[in-house]
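The structure that follows is given in the form of structure tokens.
Per-chain numbering from 1; labels A, B, C and D assigned in written order.
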């Protein structure tokens, strides 16, 4: 079954746990204590907070099921709970960057404490089935935070307006060969099934699997590129209200957006900030860091539209065995736009983030994981060049508010 | 065909035009110049602005098609254009209440000028088919603004915290008999057709008619009442985060909401502001002026959910010949919650306001009427006690942001 | 004694009361109900609110001393109290423009009711000395509000960006002859007395009279003109941080100020909004509607400074018998900048608004009239073309926050 | 001359430079990289920013006078300029906590680089008189930032609401003996001289020395204590509008203040956050961290007033040889309120922060040091328990906005 190619859920839980935890350490090993401390906007979090929070997740939802477990530090429940109302009061989200203690060394010790307890129990086979499900959830949770950590870090490092700015991955810039011209693929509609089928891990928001009716449609074979986006800009795309949703146009009035996030026009050329510092915009790469409003406006300008999430999921079945760029800690940036639908960039869809028919959140505090965010957010599908390998799925529903740009978000056209 | 019972689209266009215009005059005849001038929030507009704007709509989109038409006042295009980017610059929306000139008498003269030109052309048969379509749109537009005018007026009059406060309709308060106990009706799912079928007027956002797949479901026979809402409040409904969407809970934190809009607890009882002044909350009336967040939380508390807009439309077919309270200028308030699905209160659905498959906005500036608002709004279905008779439709899609409460909005449960 | 020339405090109290009240009616007689209703910013108030508030002042502080007085409407104490905490709760200041009832006719009746009660008691000689002092305060209070009413009206009428815009005084524009070149007058310092001497009415904030030590200084013979201000602008005055106080420069960054309030550059010339509509800026008129920040920056640019309020008061003694333009309801705009120090425009001083040594507020609620505003405001001296005749005084201390521009405020240099 | 007792300006410039620089290192030696990175509010700065900024001050204003000096890093001019418009563009102040690179080690190297260059030139006698004046200014500047650093650190550490919270100075809490009862001292007025006399270092804002006229007055022998403040609170001091300036009362409405900054009511007692963690409020210590509004309200409640800055300076002459607590890095907190006027806590005065007659800012960019802040700030006199020894002066004018509470600010009564 093609969707399995990179999903390691079949592997031993202890190995899986160890691998996921180790990747977080790899990702943060290049960062100083100073880099790991600030929070550049309310929606983002400090690196060291991510490291502690994903650890707390295992402590709170897995280890504390055993009454004999010795909690590492009672105050961490207050400091590192993200949004679980059922767990109790939390440190205010906008102030996460003001917590200097525990520092990075103490957080390392916290991770070691929890890892040791987890390893011991995993080795002893002390966990029941519910615990194993929560461990799998915790691993996916940590992978999700690996991507958030890199998104948040990129945003933070970009705030100092010096060139080339801070470098996270020190590597040469690509000069990818030319991208393929845009081609359309026809997909037949009718009554189709969508959603996770219960075979392998999925978040609760990916189910229940259910039927939807689709008209026939066409979908672009690749995502929109920087080169195409430059044409949109050259054609006054950011200055023509008829292309925009009303809220998007108002947002442009407030922000003055005239290009994707991180782009600047310096000395006659467009540059963008990457995790390898500021560099020229590469026309053959997929466009990155655009909002839903921009994606929607571009599609209208191009005489097309965004696909719905169900069109996307149906169309992706045909190329389910292909992967674009997924997280490579020595790269953290997409390559040339290709034919895979999973990888490179998250793709905005036309769908609002809503519960599937019959959706019931998980029991207990982890029921707050997804369901309570189902209003006024927009679904993105696929995966990006900072999504950890093994975390991507064809039924995965990512979601952000319409104006968000700090995710590695692009778009694919439909019609 | 039952849906026709109150829709007068078959009548003579001139009569239709005259009737609609006359109702606006009836509604505003009770208001002083002072009452018609202020704007109590950005989302609302002054009464006199509504009167001028609906008139400008006919002038701009119908009369100006004839080059020989003498525009009444060039500045009105700037002052009374609401949001049509294609028409040009507009007076800033938040400042509509600062426009004191033209005053109400001058706006009456403007209405007379436009009415005379319309009547002359209607009588002469000077309009082509496109114009007739735009006149029908203009009449529906004016009806929509009649409801907005009353919503905005209610909000304005409520701002002065004196009791009983200003009275718009001077009438006795009802003591309706007890409401029926809540009963559920089963509706079969499958592949159903939804949307306007092109027979009679509909807004562009009601089409194209298309197929959707529904599971079987049950729907409540009546809307939720004030009495039931008081139970929700007594059960700490506004203080239990597990009942709320995350954005809704944050909104409660910011606003301190603990009851529907306009409710106050005075001298041991709950009162609410109505267009007949402040009065006790009547348990057997449908609850009014709740936000999507509150409707959603109530449904969760009740062990149910909101219907999707397609469930609602499908369920409403069975009772399409019934009407709850529609606009009666001498009442402007719902009666006891009954069995009709159209009338009394607008009903929040679980659906985001999105384009139907194949949706294309109308040509020209009127294409901005609906389509550009299709993000981050929520669909309400039905109609309310301030919806003009003849404006209600089973396929009608009303929409507001999730936190809005000044519409006459309530809810009906599904499961 | 020169200061007496226009101060009518010697006249009969009943005449004085009648004259002041009549002027308010003259000023508002040209305004429609619509004009009198909105509030264009929190610091401003609707015309009809001013009319009611000054009436309430007599009712609250004079008539209610007599227990047998029949209060006109209990709710007016809530609606028309401005800021007297000792009187009780008030309608929120930012919402004054939302009060549509009472309307202008009802407020006229309220004025008549209070006037009749006042006249009866004045005729009967029913008032004691304390009451007479409060009546004198009430008359000055109403005069102060006459100026505020015109300031607020000008701001309101200016908000609609159409040309020439609404006209309050329909008159021809002046073409004044050329202004005198700037000349300096030397004033000797030493230990001088400042403040009101108790001879004639003064607000509590003008006393106690006390000694201050001044160095010798020079003061400009006239105020700064529009022509001079245009030179400041041409010399990049608004773009050179070294000329500005830090707060002022930050304010420019936020607001984008590049000219005085109400100025616009249209078709190659600067125009300004006046109570007679928009018209070209006249170089020989004193500059109007500048903030303290701008006045201070201009003075620095000119190699001079603003006078302190005590320098101003001392210098004004020499020309105390001269008056510039005071309120003429058929004009409401200054003439050519002349040699008088009282009239034409209020003049920003270098002084913060602070209590004089030994200052004690008046007893009772009227003690809130001035004293509680003595922080972070700046003193203006003189009077303006909308200050009612008889309200101006050499010791008068007007005050506004540093960024305020809607007063008729200009400046005079010192060094 | 008594004022000399702790002012080391007579010492060798190289020693002075070394001592000042060393104290900064002592103060920061206890802080981790994490502690030194965040900014808890716009008015505050990160510790590592302070360390770099005071270093940049010497580089920019002293070392760069020598064209042959090798600038350490060009970008530091952008990153570590605070507010000197004449120097050029700056990193936005609210984002100082987002600069993670340079980190603390790199900033240490920057300090070493600048120190070496300074030492070399000082040893060689390479500096001219102007340079020596700027070095003295730079040393005072660094001392001022030592106090700011501790204020900002205290604010930062207080943001995490855990008890006892982070500890900067690990020491036992005091149990000081009882404070003396409040006694008043009479001070004769008349024409007095105030301001710096040019003998020893002073900031430009302390001059020119000039004459002012004072009435006779009385001043309290000690500052207001926590115990007295608790009485004010018990007497509803924070709930009685008649005690407050209008702006202060509005501020209470917005903030809900009911006690000084950092105070909390936990388990039946008031605690306050200190640099040694949260601890009980000690009645005999001077009250700390009150705003001007609170100081003013307290004085009114006590039937007294705040002294003007000139009254304060005149009264302080009699006790000029006494010192309260000044900065002791192992303490950082005042002791029992005593008879000295310099030390323990900064004392709010009734004076606005305005230029003295004849004030001229210093030439060049350092002219921006003080003068441009002379609007809407309030003068504090004395010094505090975090003011470095040798930085305090009787003529010193500290200043903050009326609502500021994070300085070590208290008050002394006058009448």
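Following the convention adopted for this analysis, a contact is a pair of C-beta atoms (placed from the backbone, for glycine too) under 8 Å apart; a residue touches a chain by one contact, two chains touch by 3 or more.
All values reported here derive from a predicted model rather than from experimental measurement.
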item	value
Taking each chain's C-alpha mean as its centre, the one farthest from chain D	B
Cα-centroid distance, chain C relative to chain D, in whole angstrom	38
Between chain D and chain A, distance of the C-alpha-averaged centres to the nearest whole Å	46
Length of the line joining the C-alpha centres of chain B and chain D, rounded to whole Å	59
Chain C residues counted as touching two or more neighbouring chains	none
Overall pattern in which the protein chains touch one another (line/ring/star/complete/other)	ring
Chain-to-chain touches, reported pairwise for every pair that qualifies	A-B, A-D, B-C, C-D
Residues of chain C that touch chain D when the two form their complex	83, 85-86, 191, 210-213, 215, 241-242, 244-249, 292-293, 296, 350-352, 354-355, 357-358, 372-376, 378, 402
Residues of chain A that touch chain D when the two form their complex	32-38, 40, 48, 75, 78-79, 91, 95, 97-101, 103-104, 156-157, 159-162, 166
